[in-house]
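Below, chain A partners chain B and then partners chain C, in two separate complexes.
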Partner chain A sequence: MTANTALRKVPARAPGAGGAPARTPRRRPASPTRRSGWTPWLYLLPALVLLGGLLVYPIYQLGLISFLEYTQAQVSGGEPTTFQGFGNYATLFGDSQFWQVLLATVVFATACVLATLIVGCALAVLLTRIRALPRLALMMAALGAWATPAITGSTVWVFLFDPDFGPVNKVLGLGDFSWTYGRYSAFALVLLEVLWCSFPFVMVTVYAGIRAIPSEVLEAASLDGASQWRIWRSVMAPMLRPILIVVTIQSVIWDFKVFTQIYVMTNGGGIAGQNLVLNVYAYQKAFASSQYSLGSAIGVVMLVILLAVTLVYLRLVRRQGEEL
Partner chain B sequence: MTARALLRVRRPGRLAAEAAALVIAAAVAFPLYWMVLSAFKPAGEIQSTEARPWTLAPSLDSFRRVFEQQEFGRYFLNSLIVAGTVVIASALIAFLAATAVTRFRFKFRTTLLIMFLVAQMVPVEALTIPLFFLMRDFGQLNTLGSLILPHLAFSLPFAIWMLRGFVKAVPDALEEAAYIDGASRTRFLWQILFPLVFPGLVATSVFSFISTWNDFLFAKSFIISDTSQSTLPMALLVFFKPDENDWGGIMAASTVMTIPVLVFFVLVQRRLVSGLGGAVKD
Partner chain C sequence: MKLSARIAAPAAALVLAGLTATACAPQTSDTSAEGDEKTGTLRVWLFQEVGNKPKEKVVDAAVADFEKSHEGAEVEVEYIPVDTRAQRIKAAFNDPDSAPDLIEYGNTDTAGYVKDGGLADVSKEFAAWDEAKDTDPTARQSVTVNGQVYGAPLFVGVRALYYRTDVFEDLGIEPPKSQDELISTAKKIHQEKPDLYGLAVGGAYTYGAMPFIWAHGGELADETGVSYASAINSEKARKGIEAYTSLFGDDNCPAAKCAAMGGNATVTAFASGKAAMAIGGDFSHAAVEAGAVKGKYAVVPLPGVKQGSIAPAFAGGNNIGVLKSSSHRTLAVDLMKSLTGKKTQAKMFDAMGFLPTYTDVRATVAKQQPFVGPFVDTLGAGAKFVPASPAWGQIDASLVLPTMFQEIVSGRKDVAAASDDAAKKMDAAFADAG
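Showing the complex of A and B:
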């Protein structure tokens, strides 16, 4: 459907772009499809084989397992698998913990996305208003946070907030307050870590985008007496729309799928699973309690939600009339 | 001169902005500082309830524990092999695919592009379960291959998507000229296009390197019994003990694990920023 409309938008390329020997002087080749022949498919072959085997096939399998009864007995090879229809989904949707985890995931991911975007954009604007040296300092610090592996970042943050040996409680005078004990304080701690390691991507990308805006435009706005907030809202944000869409969608996808931080910082989902998010929940169901079909069903739910986000993204991109 | 300085736009405003930037930079860098500091602190100071932001007696004890007691060198090497293989293979495969979708017109081209975009959205973690069975059926559990193959596949869609901009930027005229001079398609691909796109390949490889190097889930799920095949994250988890965490060891191991990524990042920093701009704009 959408593919056809986009195809029409693609401008005809100059000869030679197809890779065929430039013998024909015609500007519009009669049939571009025939001209390139099998070569593009040859180039695509390794990528398609890998993606087919390790992405498409596992997705199919994930869907399949979610309709079967698949527990330790079947994994060990003893018992035959039985078809359950929507049985696993019925079990899942009938479980109040699932809804609780789903709600927690949505709220937590939304909070992470908003915090990341606000901090990232604010700092990107800040970067444009300062001289080279402080800019370099902030850039380097951000790159450091970005580069830190999720697992080491998580352990360091847990240590910083450790009730016995961490400096944060000392400075804030919280005594031996345990951040990971309460549900909300644990989520808040994980949110801080996620914010720390994901705002740099937004900041660097938006900063690169702002630099691409002609400086006359911004100068004119500031000469007209616009405040920094007004310049952002009325000049920068509209011009940065494509970039903002990309970073928003990327953030949604990343934050919705947070795994390592929750798993490491709350020790596998917190006390009595109070800090579970869908990803960790699926993992625990499958690998800790051997309920592979339930875990797969949760995976399918995540997949559906993220695909919906993707469709929204594609629509937004298309509305801007961008060529793929 | 003073008059000119006065005329300049809102000087105190900029100074305040710069001060804020420096404070934020310090706050952002603080966790990393604390990690390295704790790695060098002697055991007594780490377990002390007075968390001092400096140490007067730096010691290498924690690093020694990391390198000697565990098979850390082995884990480090495994991580390097996995990440290195993924980076190189994914760069080459993505380069070919990006060339196909940008420099050729063929049926299903747009459909393919959309598929690559959708593939980026797939929650990799959700696929751990079927991948586990796939690896088991192919006898790949407990091998480095079980880590290399999935990471390679999952890094491709984003790499292809990002490389498109770089491949597109090479002018068509150059390609025509090459063919007129009698170059074959293969020769154009590897001797002309490849060197021109190389900076883009570097920027792209940052992402595949990081996602592979940082992986924790696959390493935990697919390497279950043969610890000689474990990667760095597992070596780090060893220091977490139910009764009392060995914070010195954890921080030293974290430091060792973070350094290669930091080095990689600093090396490609410039290309990364321009590469991101390009990928986002296209």
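Showing the complex of A and C:
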């Protein structure tokens, strides 16, 4: 889990890492006084040391533990630590529940990302079209949702949708319908909460991006008779591409790693584990039943998946960008 | 592309580092003790109960006695929150330098802690202790792993049937005498009073479901020499599972609400007046007294299959054990005896209502406190215990049994399929634990 938290940093630096260094080698031969090739590394050293300590080392430990038999008995010295090779991975991939959970996680995360992006972008555009007072109100509401800790938000949502005492069922006239009993209604409920607490990030970032678009461009488009949708598709979205890339990757990573909402709202994975996602599953294995090595193996698998998704996405976006 | 190079570099470093890993393996601690000092400070961790003051008084008295009879020995007691006990105790095993000498622990954790190498074997001292002769067999079993004793029982906790006297009087019915009667009574009550659960049950209430399995002669697992083999899918166990899961439904406790409930939720439902019956422990007494049903309820043993019999209950409770890393072993064992001796347990019952683990002491207190009668009767009829295997902790934590019950009551699988799956998972855990 440490590794996953550290991962958040990757997409944030992605555009910079892709852009700046690409230009340096081309420029360097032109420079009259060739400096030592070590100078950039010297400047980078503090950051590299920090990254090494906070990112590489935990990932290294995660990877190492995933190859060992490492449970509570090994940690407290009751039994010797033994090397298992790919034993933990074999156990994991041989477990049919893992594949179900993986599938559920991918589908759930995809739905969350799409919903967050659509709602976030739509509200960002809306923000540019309304007057100051309603804009302030919408901003405050969004920031309130954003600032609410996930555990508080989840608890409140569970209460709102409680079959016996919740106001939602009363307003909708659903009687004592239990949202968390059915698999899909439980996932839908969690999706709503995830959407609620993550759309503000998308909205605020995209809104800032829209404000940075020169107004003449938009004005020209509307003078040419473009519809609102057309302006978004052909003018705003291409200009916002770098921002959209960042928010998409952020959302993918956040939503793939959802833990608190599932853990709190479905009581640790729902009826008969129907709402388990990978992170909660890893927690169950690693900490609840002290199989740290198996938990680490799940962590490594998540890391690989997220890295792969991010890289593939960046490649796709770049290729499109070149065509344009 | 530059990005992938950026990632490739640390990734390559990672692989290289992994190849040279043996020199810096993850942390492992050495929990074996270094000596056996006869003076010094003993540190004790006990659980912080709800309303802990009376417990502290009893402990303080036992400690004072101990310090008087052991020159140069001092005792420091710390009360740790029950919620975080697992982390605290694991941490103590990981770092022997800051670990206490004695800990209180839940009796289902015994085998796990022994495998972790945390608890000291006190078989000899326990056998030589005169008071231990009266320890009831189930309590003794809860400190025993592979024939060796790893602590002394502090109290036992057992569950029985709480029922609403006013509702029963209103409907003119008697407390059930057999399991069939229990189920039919529950459904009858719900029919007459639809806003009450007849018997509050929970899909995640493993310890409330076990008596049903045991009453039909089923077992969770059979001992096979050194390890265990799951028996949850045996013919008899399945009958019990069927009986328990038949209580979920619109005719008693709707699955949409009850499938997710655990033990506390069912007791809360009873205490707040939403259920006519519930399976609760002697330790639930305070919670029920504090609820809306105070003065309107009574307790009887949970009935078994045969008319007038008692279903075997799960013998929960806590033990006190000496840590392997303790550098004051002799003193620590003496303090353990003092904290779990007959005198302290009798006082502890008066203060906290915890049932003593000695049969004779228990009989005495039952006479003074009629409330504990049904619980003592339940224990007398023979309580049972979970498999004394380190795998149990894992089975419990990975929710094998709650998953089985929930699969059945939500209609996802039938009893046979769900119990076969649960048996497979249990066997895998037993095989892992060796």
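Everything below uses one rule, namely that the second predicted complex is superposed on the first by the 254 of 324 C-alpha atoms of A that agree within 3 Å, B and C clash if a C-alpha of one lies under 4 Å from a C-alpha of the other, contacts with A are read in each partner's own complex, and residues count from 1 in each chain.
Going forward, a residue touches a chain if its C-beta (ideal position, glycine included) is under 8 Å from a C-beta of that chain, and two chains touch if they have at least 3 such contacts.
On a predicted model such as this, the values are computed, not experimentally measured, just so you know.
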item: Partner chain in contact with A:P167 - chain B first, chain C second, else both or neither; value: first
item: Chain B versus chain C as contact partner of A:Y181, first or second or both or neither; value: second
item: Partner chain(s) touched by A:V101 [first = chain B, second = chain C, both, neither]; value: neither
item: Contacts of A:I65 with chain B and chain C, given as first, second, both or neither; value: both
item: Chain B versus chain C as contact partner of A:L314, first or second or both or neither; value: both
item: In the superposition, chain B vs chain C on chain A residues touched; value: B
item: Contacts of A:L306 with chain B and chain C, given as first, second, both or neither; value: first
item: First (chain B), second (chain C), both or neither touched by A:S289; value: second
item: First, second, both or neither for A:T81, with chain B first and chain C second; value: second
item: First (chain B), second (chain C), both or neither touched by A:A272; value: second
item: Shared chain A surface residues [contacts with chain B and with chain C]; value: 10, 14, 17-18, 21-22, 55, 59, 61, 65, 164, 307, 314
item: Partner chain A, residues of chain C touching it in the complex; value: 2-4, 6-7, 10, 13-14, 17-18, 21, 25-32, 90, 93-94, 112, 115-118, 203, 255-257, 259-260, 390, 393-394, 397-399, 402-403, 406-407, 410, 412
item: Chain C-facing residues of chain A, complex; value: 10, 14, 17-18, 21-22, 55-56, 59-61, 63-65, 67-68, 70, 72-81, 163-164, 176-178, 180-181, 267-269, 271-273, 284-285, 288-291, 307, 311, 314
item: Residues of chain B that touch chain A when the two form their complex; value: 9, 13-14, 17-18, 20-22, 24-26, 28-29, 31-32, 34-35, 38, 46-51, 53, 93-94, 96-97, 99-101, 103-114, 117-131, 133-134, 149-150, 152-154, 156-157, 160, 172-173, 175-176, 179-180, 185, 188, 210, 213-214, 216-217, 221, 233, 236, 247, 250-251, 254, 257-258, 261-262, 264-266, 269, 272-274, 276-277, 280-281
item: Parts of chain A lying in touch with chain B, wherever the complex brings them together; value: 2-3, 6-7, 10, 13-19, 21-22, 32-33, 35-36, 39-41, 43-44, 46-48, 50-51, 53-55, 57-59, 61-62, 65, 123, 126-127, 129-131, 134-135, 137-138, 140-153, 155-157, 159-160, 162, 164-167, 170, 196, 204-205, 207-209, 211-212, 222, 242-243, 246, 253, 256-257, 259-260, 263-264, 279, 282-283, 286-287, 292, 295-296, 298-300, 302-303, 306-307, 309-310, 314, 324
